[in-house]
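A short write-up of the structure that comes next.
The first chain written gets the first letter, and so on, giving A, B, C and D; residue counts start at 1 in each chain.
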Amino acid sequence: MTGADRVIIIAILASVVVAIIGTETAFASENRSAILWAEFGFGIFFLAEYAARLWSVAERPGPGSDWAKRFVWIRSFFALVDLFVVVVTIVPFLLPGAPILRLLRLFRLAALLKFGRFSMALRALGSAVIERRYDLFVTGALGLVLLLGGATALYWAEGKVQPEAFGSIPRAMWWSVITLTTVGYGDVSPMTPLGKVLAAVVAVGGIGLVAMPTGIIAAAFSDAMQNYRDRLAPSDDEGTMP
Amino acid sequence: MTGADRVIIIAILASVVVAIIGTETAFASENRSAILWAEFGFGIFFLAEYAARLWSVAERPGPGSDWAKRFVWIRSFFALVDLFVVVVTIVPFLLPGAPILRLLRLFRLAALLKFGRFSMALRALGSAVIERRYDLFVTGALGLVLLLGGATALYWAEGKVQPEAFGSIPRAMWWSVITLTTVGYGDVSPMTPLGKVLAAVVAVGGIGLVAMPTGIIAAAFSDAMQNYRDRLAPSDDEGTMP
Amino acid sequence: MTGADRVIIIAILASVVVAIIGTETAFASENRSAILWAEFGFGIFFLAEYAARLWSVAERPGPGSDWAKRFVWIRSFFALVDLFVVVVTIVPFLLPGAPILRLLRLFRLAALLKFGRFSMALRALGSAVIERRYDLFVTGALGLVLLLGGATALYWAEGKVQPEAFGSIPRAMWWSVITLTTVGYGDVSPMTPLGKVLAAVVAVGGIGLVAMPTGIIAAAFSDAMQNYRDRLAPSDDEGTMP
Amino acid sequence: MTGADRVIIIAILASVVVAIIGTETAFASENRSAILWAEFGFGIFFLAEYAARLWSVAERPGPGSDWAKRFVWIRSFFALVDLFVVVVTIVPFLLPGAPILRLLRLFRLAALLKFGRFSMALRALGSAVIERRYDLFVTGALGLVLLLGGATALYWAEGKVQPEAFGSIPRAMWWSVITLTTVGYGDVSPMTPLGKVLAAVVAVGGIGLVAMPTGIIAAAFSDAMQNYRDRLAPSDDEGTMP
């Protein structure tokens, strides 16, 4: 990772932070011009960076005229991501109401972090998920059945008493998801004794099942990373994080 | 898994989705005829499939007349599941108010997924539970004691102040289950300082205990799957998922 | 485990269930006499069982007169537990308002389950906790510091705005415990932006720490059970659960 | 750990408990003089201890006059921590409104626990975090993206309906953090069907990701502790906890 890359990463993170804070009207209305200037500055910066890259790509070794090389580069994946970042910075000036687009600049980060240790860990995570796909499919399918079974049970037990919350299976599935993930907002909960008994059974029986995929991926990811480390060690161990 | 199996799986999933959505009155009253036609279509489809299977079973090699083979098949477990699916599709037309029966068509899926990798993972999960039955029994029994102890403590501390929520041990057990599973709806929570201290002790001490069975099953399941993989590799590794 | 033991276990469980249900006034007032007769029956049963054991102990081989043996047995730990069960069954008849005592009959179960596989798993759990005592002490101490630090931060940020909930550090600790265990009743939550930022930091940073002891014990317990299994296998593997 | 160290640890813990309870006005106003006397006593105690240490340091072997040795000691890290404890005990008498400072006496504990087994476990935890820094960085970054993505999705779906809770991305991030950590206070939850569907997807997909760092650290910590144990055993195994 070169020094220029670091500057770009910081610029992207800063522009994302500005875009996030800019959605808060209480703050944005007071600092309207500051946010506009910051966004304008980021626009200039990303445009200048795009132009500089476009220009310098002609100096790469290889056949073809300067503009031929540049057209090849423009159609490359990372140049399109770069262009995309420039566009999402400028478009919201023209299309008010589309500031969420600005968060898509985070994709640029993924392109920059593609190399080095970070990428290795990402690949380890991906391969862990692929290696355990049957485990995940089975536990996921059982979890889905439990989700549906819990929703049906509560629809049956509470549908008449709380039609707003349990009056249909899709409605009851909101309760089911929020309970089995142990989030438990409490906006919806059973009130009848029968509903409470069924909910307790679903909660006790189901939480383990929903938590299992996490455990499976965590273990596989941990193993994959350990393998990478064992293969790299000790020559690479002193390397700093990209 | 043959192509016909895939079509049946899709038909079952589609019929289950229609059955789920059909319970939502806001949607169902507007799309009454569409849902009826869809259910009618599924009924025809499952009936036709059942008839086709019943007919073709006569062509299997073996002694006995065609109808003798068919009667043997009708009494087989999977044919009964098939018949059951046909019945639960048709019965709600005759018995309005029994649409939950339609979800039982999911059992048919289990029969279809009985073969292949999915089944292997299910068996691994089952054997993991059986292998660790003492671990699960011990942690489960301790968890039950904690559940009961927590409910008793809060019944003692809060029973007078909140008779609706903690006025008896069965009532307090609802709090106990929802707290120890970390769901925490908040419909019921201690209000007195003493109740809060006891609830904090129960929460800190008990959450680990309730989470342990999950960890135990996840580890055993992961190990069992790894063993299957090691035994199959590398000849079977390229196999696609059923 | 003999057949008599099974009968006693069932009697204890039944008596505990009756004691639990008996605290629900809605049920108890309607079934007053049934509950009284059931409790009376359990009292007779446990008393008879105690007398039978006291009598039969004289037939054990060994020196000393019959009554000398009986007095030795009366002072033994398990006989005291037996006596305790008899007492807690009879006392609530004399001391109305002490029905919680009846739940203490569960101790009798522990005495009966002392032998066999269940006991082995309990010992494995105990030895896992002891083996990892430093790990648990360190993570527990860090968890306590985080609990206290979170409570202090929210006391500082929200104490003025919500004096009822965050007006002192002990009050804020209720929030802290319920948040770090991820129960999250929602009876108490930060309202100011600063309080929300601090609470988010505490939640993200602290949940891992509070969940770690569970992971440590679960892993150690799993390993200990595996060791027991490896040592016993294959001769003992067919044994049924006690 | 000497006997004097034990006395100091108990004094620090007692002074912290008094400082915590002292923030509860309901208690503090009734026991004003008792708390003042306790704090005064702790002040005297820590001051006397500091003076005793300052005095006795002159008797250490080494060149230089007594006062030269004392000035060296005063500037040492642990003497500064000692002095800090004395100051935070006395300052709140002069500066009312700064009682939180008293909790900083806990730092003294860290200095005392620096040696022995406790320190070993702390180092194991630290080295586990460092060893797995890439794993943690990757899962942390993915978790952050999910946090931001969930907040943006709900801002988009519910921003108009619940402007107070989801009217900007920073506001929606409060929901996002409390949901992905599974705390789920319920002060803020989606109300529209679209918002509920998105929230369910975020909850199911994201909880695993947020829980992964915990699993990774717990596993690495467990392994590091096991390594320490294996290296020390059996010579050190009988050692008591410091």
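Criterion: a residue touches a chain if its C-beta (ideal position, glycine included) is under 8 Å from a C-beta of that chain, and two chains touch if they have at least 3 such contacts.
In this text, all values refer to a predicted model and were calculated from it rather than measured experimentally.
**Q** Please identify which of A-B, B-D or A-C repeats the interface of A-D; the criterion is that more than half of the contact pairs agree.
**A** The pair repeating the interface of A-D is A-B.
**Q** Which chain has its C-alpha centre farthest away from the C-alpha centre of subunit B?
**A** Measuring from the centre of subunit B, the most distant chain centre belongs to D.
**Q** Would you say B-C or B-D is joined by more C-beta pairs in contact?
**A** B-C
**Q** Check the residue numbers that subunit C and subunit D use where they touch, and answer same if over half are used by both copies, otherwise different.
**A** different
**Q** I'd like to verify one number: the distance from the centre of subunit B to the centre of subunit C, where each centre is the average of its C-alpha atoms, in whole angstrom.
**A** Computed value for the inter-centroid distance: 30 Å.
**Q** Centroid of subunit B to centroid of subunit D, CA atoms only: how many Å?
**A** Computed from C-alpha means, the inter-chain centre distance equals 42 Å.
**Q** For subunit A, which residues are shared contacts with two or more other chains?
**A** Only 173, 182-186, 211, 215, 219 qualify.
**Q** So in the complex, which bits of subunit A are touching subunit D?
**A** Touch list, subunit A to subunit D: 20-21, 23-26, 100, 103, 106, 117-118, 120-122, 125, 173-174, 177-178, 181-187, 210-211, 213-215, 217-219, 221-222, 225, 241.
**Q** What residues of subunit B sit close enough to touch subunit C in their complex?
**A** 132-135, 137-139, 141-142, 145, 148, 152, 155-156, 167-171, 173, 179, 182-186, 189, 196, 200, 203-204, 207-208, 211-212, 215-216, 219-220
**Q** Looking at the complex, which residues from subunit D come into contact with subunit B?
**A** So the residues of subunit D touching subunit B come out as 182-186.
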